[in-house]
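Each of the two complexes below includes subunit A, the first together with subunit B, the second together with subunit C.
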Partner chain A sequence: MSRPRSASVVLALLRAQLRLELRTFESLPAMCLFSVTAFLLFHFGLDVDSLSGNLASGVLWVTLLLAALLAINRVYVADAEQGGFDAFVLSPAERSTLLLAKTLVLLIYLAAVELVAVPAFAILLLEPSLWQAMPSLLGALVLGNIGIAVIGALVGALAVRTQARDLLGPLVSLPLLVPVLLGVARWTAPLFDAPRANAVALRWPLVLALYDAVFGLIAFALFDFLLED
Partner chain B sequence: MYGKGLRPLSLITAASVALTLAAALFWAPNDAYLGFLQKIFYVHVPLAILTLCGFVAAGLMAIAHLRTRDPRWDMRSYVAIHISLIFGVAVLITGSIWARGAWGHWWVWNDPTLVSFLLVMLLYATYQPLRFAIEDPERQARYASVFAITAGAFVPVNFAIVRLAPAYVHPRTLSNISGNLPGRMQVVFYLALLSITLLWITLWRFEMTAKHVAAQIRQLRRLMGEETDEAPLRRSAAPSLTHVGSVS
Partner chain C sequence: MSAVALRALTRRYGERTALAEVTLSLETGQTLAVLGPNGAGKTTLLRVLATLLRPHDGELEVLGHRLPAEGWLVRGRLGLLAHEPMLYRELTARENLRLQAKLHGVATDRIDELLAAVALERRGDEPLRTLSRGLVQRAAVCRTLLHDPELLLLDEPYANLDPAARLIVEPLIGRSSGKTRVIVSHDPQAALSEADLVLGLSRGRAVFLAPPAELDEGALTRLYE
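Up next is the complex of A and B:
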């Protein structure tokens, strides 16, 4: 049997995972609900009606990061419990296609959640207008999401076949995600300042891109070893 | 095999640690600003350097494990992380004491070195729980190596990124040393670095020897057909060499 083209394998895996999500709605609604609830928690916990600057940026990104953990914990569960891993390993497909497919799935989930969470954040908590921050915020969302998705796809696979997967997933991925949080939060903080500072440091986009690239390579190099039995 | 030469190594290490302590306490001058408290620097900084180098070394050993599939490399990587974790706790404690003396607080957030070190420690604190949560020894070793490589790469990257955050209060040790540390302090610092390195290696060799001997004894018992009254091997975070064909 000839080896199938990687792109078509990735597409098939992606379609399967999205269909599963559309049938069960395990992750996405929970993530959206969690984000809005977290904004409420911050409102009551911090006792503020509106946020700007550092605090706004931190609240938004911590919420998105914690919402992402919900997906990272669940994204491989069907493969581990229903024999998806075994079937995939028996197929002639390249192993790293699974990593790529799961990364894309996480990216799609994150984008979908942000479609709900970012407007909700702007309405509920953000003091300055969202529109002026938009172009740079989109950039931060893209680079931040890539980092979260890559690390999530690797750590999710590492944690899913252990006996404490719900604990180990967050415990291992959060320290690895702190540099991502640092990058995006520092990047977007000036965007949320009430009198807007115009200069956006080029440093944080570069740092994020580099971090995403480094962990992308690490995940790509190591993923095969997680699938060997 | 790991026990060979362990006694002279231990003696050299003990002598060098004693010499370092004597030199740091009695020979090196007191710091003009911090006074006697500055002596903790000779313990704290080398311990921190060794902790981080140990983590990176464990990552390299894990690469060797994934390449060769020799479980002994997994054992080496495990022991390296174990020793470095212990050193790391000592770093956090000595660092806190130093911070309290120098800056008046037990913990300072605006210092990138301190924060990244804590982050690295929090990441490595999950290494043993991860191992413990996997029962199959072969898969445990493989997953642990994947973790050790990822985390080993995270160590330098994390330090570079957190340092970009603007505030600096931590003394930049290595640049200070070439810059403005007086001669005697410099000598004592390098002496301390050498003896802590020796200490790390000695402890690593001791633990490797202990694990090896335990595996050999278990194998000999099995060869003698002796039914051991030990309970069947418990689930364990530590790698065991029982699934190796022959223990050399």
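Up next is the complex of A and C:
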């Protein structure tokens, strides 16, 4: 029995998941609404009109990370509740294709949310111009998103098969995401300085890239066992 | 050649034993009917055969491969029709089957052929949540057969189907399909008429294992007492 082509399986799983989201809107609107509401709360709670430097960076990334938890908790729910897990396990497809498809789904969700959340952050809270932070901010978003998506896809699969999935997802994800938060927040803090610092340390992009790669490999190695009985 | 061979197969859920030392052998092309009251271990047996649950003790061979070690060689060669249709409610039957075709690496041409065979081709582009349970069950039959499995594991296959629908799917999953089948049923008479071998389960234990003709009249009555 030959196995199906992995690329074709990943694309099919990705297409199905995006279709489900477009028909139910269970994750994306909630993530966008959460992000914008959190920025409003910071705006009024901190009683400031604008933020810069470390504080701006921290507010942006903590908000994005918490918004991501909403998707991480939901990304496997349809599979668990409607038998998609069983149907997948019964197929000869490589198990890691599901991990890759869910990672891509989370990456797409995060990118879509950031299209709304980052401009909202700039309007509501950021003191310097958003443009001065480009293109380094885009790099931080890409590497940060990869870390969040890989960890989310792994932890989501673990949590969804337990009865306390809404609790377990954040409890396991957040400690694992601390290095990602540290990396992106330190990377982007100088970008949000007013006036902008001249040099951005190369250390944090490298730390993030390394963390993404290591966690990608760990997730790849562990994922098969998560689907086993 | 044995399509399914179990020797002292045991499966537990925590402290509770769902299957206790079940032994049987089913030849290729034959049909095994599994009967028993609720909670007897019938569905657990199907899920173990389907590689979805691991046995805790005993030996298990399916389609010539030892499970769970060689499970990856068996997946894709068996079709499980379970209580749940294993289809996404927000997707249409066609979209669900297209996904399944990709997962199994089979051509999508067969989708229209199967939908026509279960008389679902005109409703194939409607989300499953809008279809009746009977129509969803027909879509689940298509999912089960899409990759042309050698072994069918059928859990109440005719549930939710009216008599006309049952006649429609019967050639696909019934005796005339010519496939090796394990059927779990709560309708003993219907199961007996289809089976070459009947397994009676009670509290996870095999109470009897015999061809229908060799079952004494009281065996079924005692099984459900």
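In this text, the second predicted complex is superposed on the first by the 228 of 229 C-alpha atoms of A that agree within 3 Å, B and C clash if a C-alpha of one lies under 4 Å from a C-alpha of the other, contacts with A are read in each partner's own complex, and residues count from 1 in each chain.
FYI, a contact is a pair of C-beta atoms (placed from the backbone, for glycine too) under 8 Å apart; a residue touches a chain by one contact, two chains touch by 3 or more.
Just so we're clear, the structure is a prediction, and the values are computed from it rather than from any experiment.
J.: Would you check which partner chain A:Pro205 touches, where first means subunit B only, second means subunit C only, and both and neither mean what they say?
T.: neither
J.: By the touch definition at the top of the document, which applies to A:Gly84: first (subunit B), second (subunit C), both, or neither?
T.: In the superposed model, A:Gly84 contacts subunit C only, not subunit B.
J.: So in the superposed three-chain picture, is A:Ala164 touching just subunit B, just subunit C, both, or none of them (first/second/both/neither)?
T.: first
J.: Just checking: does A:Pro179 make contact with subunit B only, subunit C only, both, or neither of them? Give me first, second, both or neither.
T.: first
J.: Examine A:Ser8 and indicate which partner it touches, taking first as subunit B and second as subunit C; both and neither are also allowed.
T.: In the superposed model, A:Ser8 contacts subunit C only, not subunit B.
J.: Touching A:Glu228, do we find subunit B (first), subunit C (second), both, or neither?
T.: both
J.: In the overlay, answer first, second, both or neither for which of subunit B and subunit C A:Ala93 touches.
T.: Only subunit C; A:Ala93 stays clear of subunit B.
J.: Mind working out whether A:Gly156 is in touch with subunit B, subunit C, both or neither, as first, second, both or neither?
T.: neither
J.: So which bits of subunit A does subunit B touch that subunit C touches too?
T.: 228-229
J.: Spell out the residues on subunit C that touch subunit A in their complex, using ranges where they run on.
T.: 50-54, 72-73, 75-78, 80, 82, 84-91, 95, 98-100, 102-105, 127, 143, 147
J.: State the interface residues of subunit A toward subunit B in the complex, per the touch definition above.
T.: Counting only subunit A, the residues touching subunit B are 154, 158-159, 161-165, 167-168, 171-172, 175-176, 178-179, 182-183, 186, 203, 207, 211, 214-215, 218, 222, 225-226, 228-229.
J.: In their complex, what parts of subunit A are in touch with subunit C?
T.: Touching subunit C: residues 1-5, 8-9, 11-13, 15-16, 19-20, 23-24, 78, 82-84, 86-93, 228-229 of subunit A.
J.: For the complex, give me every residue of subunit B touching subunit A.
T.: It comes out as residues 66, 119-120, 122-123, 126, 129-130, 133-136, 138-139, 142-143, 145-147, 149-150, 153-154, 157-158, 161-162, 164-165.
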